[in-house]
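The first chain written gets the first letter, and so on, giving A, B, C and D; residue counts start at 1 in each chain.
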Amino acid sequence: MNQDIKLLSRRDIAARIAADIPDGAYVNLGIGAPTEVANCLPDGVTIILHTENGLLGMGPSPPKGDEDEDLINAGKQFVTALPGAAYFHHADSFAMMRGGHLDYCVLGAYEVSVRGDLANWHTGANDAIPAVGGAMDLAIGAKSVFVMMDLLTKKGASKLVERCTSPLTGVACVKRVYTDHATFDITPEGVAARDLADGLSLAALQEICGVRLTGG
Amino acid sequence: MNQDIKLLSRRDIAARIAADIPDGAYVNLGIGAPTEVANCLPDGVTIILHTENGLLGMGPSPPKGDEDEDLINAGKQFVTALPGAAYFHHADSFAMMRGGHLDYCVLGAYEVSVRGDLANWHTGANDAIPAVGGAMDLAIGAKSVFVMMDLLTKKGASKLVERCTSPLTGVACVKRVYTDHATFDITPEGVAARDLADGLSLAALQEICGVRLTGG
Amino acid sequence: MNKICPSLQAAVADVPDGATVMIGGFGDAGVPFQLIDALIEQGAKDLTVISNNAGTGETGIAALIKNDRVKKIVCSFPRQANASAFDERYLAGRIALDLVPQGNLAERIRAAGAGIGAFYTPTAYGTPLADGKETREIAGRHYVLEYPLAADYAFIKAHKGDPLGNLVYRKTARNFGPVMATAAKCTVAQVTQVVGVGDLDPEAIVTPGIFVKRVIEVAPARC
Amino acid sequence: MNKICPSLQAAVADVPDGATVMIGGFGDAGVPFQLIDALIEQGAKDLTVISNNAGTGETGIAALIKNDRVKKIVCSFPRQANASAFDERYLAGRIALDLVPQGNLAERIRAAGAGIGAFYTPTAYGTPLADGKETREIAGRHYVLEYPLAADYAFIKAHKGDPLGNLVYRKTARNFGPVMATAAKCTVAQVTQVVGVGDLDPEAIVTPGIFVKRVIEVAPARC
């Protein structure tokens, strides 16, 4: 790795995503890194968080000692409900997602293809116990599906790929991929890279990820 | 008409239906004559009434002056809600019917065929403004669908027929037909007549209705 | 976020000619009469209306029809004893009617809001209202394939609403409001009372605010 | 009418071997732990369980699995960090798994309760979980045909219940309870508190009593 490239931290990536979400948006933040987006919203911007286990208007973690076993998020962590929140059952909650009512959904990924295919539920390993949860519903469950991930695996392989090798979660569903190297817009005309990390050229980025890119 | 035959009154028919509905049953009574069934329940029998416009636990008409414009039945008449009632929206209400959760539904009819086809929404007249309401949903909307009707039209034609001539409301959906002449069970083996009006023989009844009957 | 609308006029201002508009209500219960009046005043025409009824007397949808703003109505029960506007135009071929059984109407509206592409329903199988429709036998029962019904606007009436668009209804006036709210690009709720954020019990909210774009308070008429 | 059950034992007494049982809950919220414990004690085996998860630790469904009562589980997320009972049996081929995306699971359960024969859903299209399933393009979008999921029993947890079977839930413990209640021949609700008929607000009842056969009060455990 070129030492002059300043890759984005997880927090930096979350801040970029947060900057692209407008005030008043309805958003589902996937389990793990995407939850960081809620902590990076600019001043004056309020978004309304959906958790697919039946709550719109989710708030932050409760103070220690105030946990309520009946109030959790999709990651099964204790959360709170903000004023104006509403509870609903699972069929209604997933109807809300499937019906395209959420503005944004932010998810992690193993791989994203140049046409926006998403693989994030199963590594494809034969001995893995399969478990999908709401991943496939989330993949098609918002007007805009954003992916938040490091561009490379620990072994250095690009997770932005020509064609996913892991089992798919959804087909042509990802609109934008935010990574530590750059942000990628998935468009009908191809993948447009923008907001490249300091010190990273488009040519270098293209070499790293191995898929054809256009400038952002 | 043989003067020795004592046809049942509408109230008599309603009482027969009421006697066949067990305590605790969930029931939808169609618009018009079927509503009379609620007034004929034996002592100690409580049924829970569903009205498809979104109420389970419907009570009788309110006293004059206590009408609430937001509390009506499917016939758009003012009603009341009993303790333990619940309100729900139209999709949930018709899901309740379509899903087979109601025990009984009692409907009027223009015609019922020997295999239980029901015609009760449209006379077939060319100049009629069509309107179906919940008729087709009610026809398939209970574990047992009962019809309450006079056996004959005003012109003397049997409404229990080999094959309906009016447009159908539902196919093979009627289980039992209560009339002023007798009660008819629609079974896979044919139509079984029982509880004939006083003075009416099975042979005479068969001649009147013109379809093959077995004794009850 | 504040979805409270300053006026009925503002609530309906952008409805274009040719729009598809869902209108809540069953009989007179839950009908957003004032929104309909505002729509008549606004002047949009060639509307497709999706509603259970075609209005009673000369009010509500009947008034919209009488003003010749409706080119087509999708409903279960257009016929009303005391309403002649629809009947006259229908018999003269000046308004189209798509007659849908009430439960299929509700479920098709729900399907649009829930992202369901189509569904098999037992209602209307073997009847004239299933003529030409795809059917299928599943586990020994016969079904008709029905498609979603979506709209550009939904005008509904609720009891209370807050600035986030959360709604609760009142008694059987709830009827079609909650499903219509999910199936339109722009849902406008006429409410009897606007309350503050947090004033509605989150366990009892029937329509979460995500489904509602505009809330307009209309105090009940005094008799 | 009184659906209040005298004991947990009575509430589960008639579950036969081979029954299909829906069990509410997401994570630990809304899991009817005491009903599951009673079912383990009752002894029914060869069960097919429909639930979102396969239990955590050694409680709930994990305990049912550990006692070898489950031949098949239909769920979205069987894997739990601290639960080994399912993993061991699955890898040894001793328990069957039907993996269903969470939203399809909820919608298939709803369909069973709502009398829908099948429906087209966009979820899982083009993925391994749609392998072999019928697909269709409708209005430019791709869908998979999914069928209803019904059960003999539904064991759910609610917050309050009345003798008519009306239920309200608490916060995100609501999850699968309301749809499962509609999809089983016999729905048994474990509630934290039994209240009198008329004590629940009819506008806020989430599960109307028609869907519930038995209600059993289980006071919350004291820590």
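Note that a residue touches a chain if its C-beta (ideal position, glycine included) is under 8 Å from a C-beta of that chain, and two chains touch if they have at least 3 such contacts.
Worth saying up front: this structure is predicted, and the values here are computed from it rather than measured.
More C-beta pairs in contact connect the chains of A-D than those of the other pair, out of A-C and A-D. Our note on geometry: chain C versus chain D, Cα centroid distance of 33 Å, whole angstroms. Chain B and chain D have centres, each the mean of its CA atoms, that are 35 Å apart.
Chain A and chain D have centres, each the mean of its CA atoms, that are 29 Å apart. Multi-chain contact residues of chain D (touching two or more other chains) are listed as 107, 110, 114-116, 121-122, 169-171, 203, 206. With touch defined as above, residues shared between interfaces to two or more other chains in chain B number as follows: 81, 87-88, 95, 97-98, 140.
If you check each pair of chains against the touch rule, the ones that pass are A-C, A-D, B-C, B-D, C-D. Chain B contributes residues 51-55, 68-73, 76, 81, 87-91, 93-95, 97-98, 117, 122, 127, 129-137, 140-141, 167-171 to its touches with chain C in the complex. Chain contact summary for the complex, chain A toward chain C: residues 23-24, 26, 46, 48, 50, 56-57, 81, 83-88, 95-102, 140. On the side of chain D, the complex with chain B involves touching residues 1, 110, 112-116, 162-164, 166, 182, 197-198, 200, 202-203, 205, 208-211.
On chain C, the positions that touch chain B within their shared complex are 26-30, 52, 76-79, 86-87, 90-91, 97, 99-107, 109-110, 121-129, 142, 169-179, 206. Here chain D touches chain C in the complex through residues 107, 111, 114-122, 136, 138-139, 141, 143, 147, 168-171, 201, 203-204, 206, going by the rule given at the top.
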